[in-house]
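Both of the next two complexes hold chain A, though its partner changes from chain B to chain C.
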Partner chain A sequence: MSLKADVMLDAKGLACPMPIVKTKKAMNGLTEGQILEVLATDKGSKADLAAWSKSVGHQYIGTTEDGDVMKHYIRKCSNDAVVEKQYDQIVQLDELAVKALEGGIILDVREEAEYAFGHIEGAKSIPMGELETRMEEIPKDQVIYVVCQTGRRSDLVAQKLASSGFGSVFNVIPGMTEWNGEVKTSL
Partner chain B sequence: MTNKVAIIASNGGLFDAYKVYNIATAAAATDKEVTIFFTFEGLNLIHKQGMQALPMPEGREAIAEGFAKANVPSIPELAAMSQELGVKFIACQMTMDVMGLTVEDFVDGIEVGGAVTFLEFAKDAAPTLTF
Partner chain C sequence: MTLTKWTAAEVAKKVINNEELFILDVRNADAFADWKIEGHQFEYLNIPYFELLDGVEEILSDIPTDQPLLVVCAKEGSSVMIAEMLTEAGRDAGYLEGGMKSWSEHLEPIKVSNLTNGGELYQFVRLGKGCLSYMVISNGEAAIVDATRMTDVFINFAASKQAKITHIFDTHLHADHISGGRQIAAQTGATYYLPPKDAEEVVFDYAPLVVGTEVKIGNTTIAIQAIYSPGHTIGSTSFIVDNHYLLTGDILFIDSIGRPDLAGLAQDWVRDLRETLYNRYRELSNELIVLPAHFMIIDELNANGTVSKPLGDLFAENHGLNIEDEETFRSMVTDNLPPQPNAYQEIRQVNMGKITPTGEEQTEMEIGPNRCAVR
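The block that comes next holds the complex of A and B.
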């Protein structure tokens, strides 16, 4: 299957270090938050791209395999991404499991590919960019726990929901990057 | 943490060239500042003619087929790619003098320097690699 990506790079048939070199160049053309899909047949590229992403500061989301072809998903992050959290209604990630038992909805606002490679069971997926057009899918009479990767996108979404008439909205911090519980995949 | 990778290329075979340029391009693509110091037979790796036909280790000629099959870039391609990614090439002045070579014998864009030039760069590099 193919997951949604903003840019696709075909590195099939290339040997190390070419998939890395091509990925580096392709990544320069993305804006922060966009997702790059890298097609490769080099079996070492999975470990290499994960290590490369970590070293350079991007988010390696995961890899799917389709026969000999691997599809790697990487989300572009910028190094100066530390922004003050502004929405003041927050729930700590480690309290989320208990809170959610009392009802409410976990709203995962990461991109489709990030959600597919691992999300909290029962979490509803609406990528941040689709919030405006899909807001009616979110019930107004329930508590909403907004989660993303680090707490940054969810902060923006929580603010948006609160100002759109949702009465009980919480930003979950930090985010899935620190989640140690079970995850569901949808690949 | 240091962001530098220092490489000494002192051998002139085809395998040596791949080791040097693969690590160099991978490091440069990972936003490292990379310098290669070419000395003794390592100068083959940037020699305009020499780099076109670097020798295989004896008895391993069959591997040439493997290189073609794996779609590995040629050494001149890897050298150009390294430079494009910002890898700095330093040719060893002393070895050039001994071998009667001048800057014109090498690919464009190289610097010529002595051991101290490299040591100055490598003093806070991690890792420093020798091939």
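The block that comes next holds the complex of A and C.
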């Protein structure tokens, strides 16, 4: 299967170091938050792409394998100044499990690929970019816990929901990057 | 500045001749921590290649100018790129042809000694993996013990000595590397021997290697005598060659002893291991020269690159042979064992003939150190 990506790079048949060299170049053409899908056959590319992403601050999401072809997913992140979070109704990540038992919806606003490689069981997926068109899928009479990777996207979404008439909206911080509980995958 | 291609054989010479070398290893930190090219006088810097894509200027001051510089990666490509960048920055740099893959597969044949009536004994040192194989040559015939899968090396070496390979032995069913015994036998018509107790699941024909199996190589009197010595596996067998050399397989190493857990029966085999090391071997002459199937650390190499030591020295110095209390011994060889070798279960399946991976898959399976011992 293929997960949704903004740009696809075909590095099949290329040996190390070319998959990483090409990925680095391709990444320059992406804007922050976009996802690059890298097709590669070099077995070492998985460990190297994960380590490279970490070293430069991009988010390595995961790798699927389809026969000999690996599909790597990386989300572009910039190391620019940390944006202040605006929305003041927050829930700490480690309190989320307890809070959610009382009802409410966990809304995961990360991209499809990020969600696919690991999300909290029962979380509903609506990527931030699809919020406007899919807002009617979110019930207005329930508590909404908005979660993303680091708490930035969920901050924006929480603001948007609150100003769109949702009464009880919380931003979950810090986000999935710190989540130690079980995750479900949908690959 | 000059860019030089180094072969694994040239690096092996640096190890054996105790020479200096500065290695810039551009693999992942994890891969470097797992295994690297070991040398007595080698120095290392590990910076993954993908952290150097924008240039090598920042690391130039960390690379000495008074030693040869070798850039190493997994297969070769990244090391060529980084070595080229270094030469453009004004340094002489080499890269390892074939990367760690070729290092893992390189065999260095070193003569252990002459034998009676013009015979010779060679040890094939696989520096990158710590495997040791043996060839006994006498009067136009050769026997091989614990051959690795680089079969051409053995076949070509025997040919260079005008010797026909007639007998091939594996001391046990290996779990850390793929045996070349069956393939060499198929190519040369030699007889391939395995201990039957290790071979219950193998799917090919073999000659049973049992106590008292004795063969003569050439028409002279070089005897290869089998001794049952279980413990690492239930079938593990040692050999006495020419009444002077004790090939211990994976039971006894220079600075460590065999681990009993790789076939899943650690608790059952501890007693066998103890019996072999503390009783059977004690009955042998202390003068015998021990030749194991592995080494763990570079310090186990002798000055000429071989790995060997008199049995009497090992009884005095090897910690694993000097644990009086049986319970302490049991605990040492069954608790807190080091990680098992990479893909060891699949490797056993290959050596039983149950699966036949491609060459590239075999390389992947054998990547990393061998880890057959406990210290």
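We take it that the second predicted complex is superposed on the first by the 186 of 187 C-alpha atoms of A that agree within 3 Å, B and C clash if a C-alpha of one lies under 4 Å from a C-alpha of the other, contacts with A are read in each partner's own complex, and residues count from 1 in each chain.
The rule is simple: a contact is a pair of C-beta atoms (placed from the backbone, for glycine too) under 8 Å apart; a residue touches a chain by one contact, two chains touch by 3 or more.
None of the values given here were measured: they were computed from a predicted structure.
Colleague: Could you classify chain B and chain C on chain A, in the superposed arrangement, as clash or fit?
Modeller: With chain A aligned, chain B runs into chain C, so clash.
Colleague: Of the two partner chains, chain B (first) and chain C (second), which one does A:K43 touch, if any: first, second, both, or neither?
Modeller: second
Colleague: Between chain B (first) and chain C (second), which, if any, makes contact with A:G167: first, second, both or neither?
Modeller: neither
Colleague: For A:P139 in the superposed arrangement: first (chain B), second (chain C), both or neither?
Modeller: In the superposition, A:P139 touches no partner, neither chain B nor chain C.
Colleague: So, A:I20: does it touch chain B (first), chain C (second), both, or neither?
Modeller: After superposing on A, A:I20 lies in contact with both chain B and chain C.
Colleague: Could you look at A:W52 and tell me whether it touches chain B, chain C, both or neither (first, second, both, neither)?
Modeller: After superposition on chain A, A:W52 lies in contact with both partners, chain B and chain C.
Colleague: So which chain B segment collides with chain C once the two are superposed: 23-31, 59-67 or 95-103?
Modeller: For chain B, the listed stretch overlapping chain C after superposition is 23-31.
Colleague: Would you tell me the residues on chain A in contact with chain B in one complex that are also in contact with chain C in the other?
Modeller: Touching chain B and chain C on chain A: residues 15-18, 20-21, 24, 48, 52, 55.
Colleague: Show which residues of chain B lie in contact with chain A when the two form their complex.
Modeller: 22, 25-26, 29-31, 70-73, 81, 85
Colleague: Taking the touch rule as given, give the residues of chain A at its contact with chain C in the complex, in rising order.
Modeller: Listed in rising order, the residues of chain A that touch chain C are 15-18, 20-21, 24, 43-44, 47-48, 51-52, 55.
Colleague: Mind listing the chain A positions that touch chain B in their complex?
Modeller: 13-18, 20-21, 23-24, 48, 52, 55-56
Colleague: Using the touch rule from the top, collect the residues of chain C that touch chain A in their complex.
Modeller: That would be residues 28-31, 48-51, 53, 73-75, 77-78, 81, 364 of chain C.
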